[in-house]
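One structure below.
A, B and C are the chain letters, set down in written order, and residue numbers restart from 1 in every chain.
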C-alpha cells in the first residue's frame, strides 16, 4: 500500500475539487462525510507509508514518485514529484491525523452554517496543499504548497466575509505572508541559479559539494527563513496570526495552530543541511525563535479573548521549535512540532467547544464557572493546558525539555534562559485561561446561560482522541535517562538529520529536567494565586504598573507602528504620487504639449482666411517663386 | 508665317489677363471665366509648342484639356448655381466658410 | 495538415470577411448581427486551432509561410508563424469571440457597427502577429488603430473623446517614427545589397553600424514602448481603459499591449541587437520602475478599471524587464507571461464589466459584500485575481518564476526589486476584492446584484480552465516555443559585431535629431 503514497495529497485535493464544483447540490451530511472520508483515506495511506519507512528505516532514500513534468525552460526544470522520507512521513501523519479529527469536529461545529460545502471544500483544499508542501521533493513544488496553504488560510480566515474584521484579517494574513514569500522567492532564485537544481537532496548537499559558497548559504538560509517568519508567525511578521482568529475555530486549530504555521519549522528541518552549514543563519533562527517565544508569551498574559491567548501561545511555541532548529536539534524541533500539533489543536477545539456552548462568546471576562456545564470539554482542556505547560510526563514536557536541553548542551545559555522564562509565562497564561473560563463565578449573561450545553459527539470524540494523544505522544521521544534508545522519535529521524550532536552528563540532564518542571509548576502556582485565590492581585498590579499593562494589552502597539510606519506612508505616498506626479507631471506634460500644438495651430490660423482669392494669391506667389527658382537655376 | 514667339506672347498676355481678372473680380462667375481664359492660354502655348517641335503631343494634350475643361465647366457652373440658390450670392467675399 | 491551404490567410481575413458580410445585414436585426459576428469569430478561432495542432516548431523557423508579390519592390504579402507568434495569434482568436459575447448585453446601440469594428480589430491584431514583412506589419499595426478609435470613441464612457484622442495621438506619434525607421531601413538594405526587401529575415541578416542601429532602435522602440506601455509613457492606458467598453478593454489589455513587447522581440532586438544591448540597462530600469510604480498606483485607484489598468503597467513592466534580460529563460518566461497577462487581465476586465452591467458604477466605494449575492462570480473572480497575482498552481506563477529566473541571471538587484510585485499585486488585488466582494452588503435592498447567468459563465469558464491548465501543464505551450526562442537568442548572440558599415549620408542623421528632440 505504501507505493500509493502519492495519493495522500491527491485524495483531499480531488474531494475539494468535487465540492467546489458540485458542493452546493450535495446534502450537508454527504459533504461533511465526503470531506472527512477523503482525509481518512489519506490517514490510512500515510500510516501505511510511515510503517513502511519504519520497517525499512536504514537511512534509505524513502519513497519517490514523479507525477508529471512541470515547468521546464532552458536550464530551469522542475517536475511535480513527491518524496516521502522519515521527516515528511512524520509530518504527513500529523497533518492527516489532526486534519481528519478536525474535519470530523467541523461536521458538528459548522453544521448550521449556510456555506457548509464551501467550508469543507476549503478545508480539503488546505489539506491538499499542506500535503503537497510536506511531500514535495523540490523547493519549487514546496512553494506551491506554501502559497496554497496561504491561500486557504486567507479563504478560511475570511470565511465569514460579511464581517469586516474577518475580511480584513484574511487579507492581512495573505499580504503579510506574501512579504515573507518575496524573500522566499529570492532565496529560491539564488538556489536555482547557483545549485542548478531545486531538489532538496541536492540543495542539502550544496554546502558540502561547494555549489554554494559559505556566504551564499547564509544568505539563502536567511532569505528562506524570512519566508518562514511570515508563514510561521515569528518576529517581525507575526502580526497576522492573532487577527487570523476571526476564522472559524476548527480552522484556527488546523491551520493556525497544528499544521500551516509550523510549515516554516518543517522547511528549516527539510533544509537542515543548508542551515547546519551556516552558523550565522542558525543563530538568526534560534534568536528569532527565542525572542518570539518570550515576546509572544508576554502578550498572551493579558489578552481577554480565548482564541487570542491561544494564538499568542502558538506564536510562542513555534518560537521554541525554531530555538530547537537554530541550535541544531532539528529532531527536537520536529518533536515539539508534533506534540504541539496535538495539544494546541486540542486546546483550540476545546476552546471552540466552549465558544459553541456559549453561542459565540469569546471574551473570557464573560465566562467563568463553566466546569460543571461542560463535563467533557473541561477535562480535555485541562489535559491540553497541562501538556503545553510542560507538566511532567505529558507530551509538552518531553518535547520542550528536549529543546531546552539541546540549547543548554550547545552552550546557548541565554537562549536556554529565554526558553525557561517562556515556560513560566506559558504555564501562567494557560492556567489564567483555565481559571477565568472554568472556575469562579459565572459571569455569563443570563440569556446565553440557558443554552449552555455540551457539544455533540462529532465534536467531543475528536477532543477525547486528541487529549489521549496530547497526554501520551511524548512517550515516543523520551530523554536519555530512560535509556540510550528511548528516544524513538529522534532515532527514527536520524536518517534525515544524522545522530544527535551533543550529549550531557546524566546529572546535568536531571537538573535541567527539574528546572523545567519547577518553572511549569511556578507558572501554574502564580496563576492559582492571581486568578483563583486572590483575584484582586492582577487588578492591583495593573493599577500599579499602568504603562506596562497597557503596553501588553495593546500588544506593544506593533500593529499600530507597522500601520504608521509602513502601510499608511505607502498608501498616502502612492496617493500623492498619483495626484501630483502621474496626473499632473506626466499627464500634464502630455496635455501641455497637446495644448502647445493647439496654440500653434491657432497662430497659423490667420493664414486660413477662407477667402478663395487669398489662397489663389498664395498659389500664384508659389508658382512665381518656383518658376524663378527654375530660371535662376538651383544653387 | 507668324513666328512661334508671337503665339507665346499672346498666350502669356491671355494668362496674365486671366490672373488679373481672377484677382480683381469678386463674383464667382467672372472668376470662373478668368480661370477658363488661363486654361485656354495654356492651350495656346501647347499648340505653339506642338508646332515648333513638330510633334503631336501638344495637340493631344490640348484635346485632353478641352475635354476636361468641358466637364469642369459643367460641374463648376452647377456648383455656382447651387451656391447661388442657397446663399443668394456668389460674391467670393461672402463665401468664407473654410475660415479656420 | 494540407500544406497548400493558406491557413494563415484564412485566420487573418475570416474576421474581415465576417465584417463585410455584416454590411449586408440590416442594422435592426440585432440578433442576426450578433450571431454572424460571433460565428465569424468562432470560425476564426476554430481555424486557428489548426495552426496550433499543425505547428511543428522543431526548426524554430516560421511555418505555414505564404508569400505573394503585393506592391512590388520588396513590399510583399508575406505571412507565417513561429513559436513566438503562434500563441499570440491563438490568444487573439480565443478572446475575440468571448469579448463579442461579453458585449451582448452591454452594447445595444449600433450593434452592427460595433461588431464590424470588433471583427476589423481582430484582423488587424492577427495580421500584426503573422506578418513577416515589415511593411505588412506596419499596415496591420496602423489598421488596428482605426477600429479601436471608434470602439472607444463611440461606445466609451463620459470622457471617451479625450481618452480616444489621447490613445490615438500617443500611438500615432510612436508609429510615425517607426514608419520613418522602416523607410530608412528599406533604403539602407537596398544600398547594402542592391535588392529591395522588407522581409524580416533579410533585414535581420545584415549588420548595421552601431550609430545607425541606435537611431533606428529608438525610432522603433518608442512606438513599442508607448504600446506596452513603458513608464513614463503609460498615462494613455488608464484613460483608454476606463473609457473603453468592456470588450474593448479586454482586447486592449490582452492583445494590443502585447504588441509592444512582441515588437521588441520580433523587430527591435533582432534587427538592432547592439543598440538593444546598449539600451537594455536603461530600459530595464524603466521597466523595473514601471513594476513598482504601476503596483503602487494600482493600490490607490478608486475606479476598478483604472486599478486593473495600472496593474497592467506593473505586469508589462515585468515582461519588459524579462525581454531586456536577453536570455533564453527570461524570453520564454516573458512570452508565457504575455499569454498569462492576456488571460488574467482580460478576465479581470470581464469581471469588472459584469459588475458594471449590474450596477452601472465602476467606483470601488459603491460596492461591498457582493460575494454574498454572487457566490459563483466571487469564486471565478478570485481565481482570476490569483492568476494575476501569480499564485503557484495557476498560470501566472509559471510565467513569473521563469521571468524572475531569467532576470536573475542578468541582473540580481533588479530581480530583488521586481520580486516586490509579488507583494504589491497581492496587496492591490486583495484589497480590491475585500472592498468589492467582502464585508457587509452595501445595499441589502439592491436586487441588481444577481449571480452569473449562462452567457457570462460561457465567457469566464473557458478562461479559468485555461488559467488552471497553463498553470499545471506549461510544457504544452513552452515546448512549441523552445526552438523559435533558441533561434531568436542565437540570432543576436552570434551576430558578428559590425560586418559591414553602412554610411547613409545626410538623411538618417536628420531623422536622428528629430527622434532625439521628440524623445525630450
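Note that in this section a contact is a pair of C-beta atoms (placed from the backbone, for glycine too) under 8 Å apart; a residue touches a chain by one contact, two chains touch by 3 or more.
Everything quoted here is computed from the prediction, not taken from an experiment.
S.K.: Could you tell me which chain lies farthest from subunit B when each chain's centre is the average position of its Cα atoms?
M.R.: A
S.K.: Between chain pairs A-C and A-B, which one is joined by a greater number of C-beta pairs in contact?
M.R.: Contact tally favours A-C.
S.K.: Express in whole angstrom the distance between the two chain centres, defined as the mean CA positions of subunit B and subunit C.
M.R.: It comes to 55 Å between the two C-alpha centres.
S.K.: Centroid of subunit A to centroid of subunit C, CA atoms only: how many Å?
M.R.: Inter-chain centre distance comes to 38 Å.
S.K.: For subunit A and subunit B, what's the span in angstrom between their mean Cα positions?
M.R.: 92
S.K.: Can you list the subunit A residues in contact with two or more other chains?
M.R.: Residues of subunit A never touch two or more of the other chains.
S.K.: Can you pull out the residues of subunit C that are in contact with at least two other chains?
M.R.: In subunit C, no residue touches two or more other chains.
S.K.: If a residue has to touch 2 or more other chains to count, which residues of subunit B qualify?
M.R.: none
S.K.: Subunit A touches which residues of subunit C in the complex?
M.R.: It comes out as residues 166, 169-170, 232, 234-236, 293, 296-297, 299-301, 327-329, 332-333, 369, 371-372, 375, 379, 386, 391-393, 397-398, 401-402, 404-406, 408-409, 415-416, 419-420, 422-423, 426-427, 430-431, 433-434, 437-441, 472-475, 478, 482.
S.K.: Okay, in this complex, where on subunit A does subunit B touch?
M.R.: These residues of subunit A touch subunit B: 605, 608-613, 616-617, 620.
S.K.: Which part of subunit B faces subunit A closely enough to touch in the complex?
M.R.: Per the stated touch rule, the residues are 19, 22-23, 31, 92-93, 95-100.
S.K.: Show me the residue ranges of subunit A that touch subunit C in the complex, using the header's touch definition.
M.R.: Residues in contact with subunit C: 20, 24, 68-76, 80, 115, 118, 140, 143-144, 146-148, 151, 154, 158, 161-164, 166-168, 170-171, 174-175, 178-179, 181-182, 185-186, 188-190, 192-193, 570-571, 573-575, 577-578, 582, 586-587, 590, 594.
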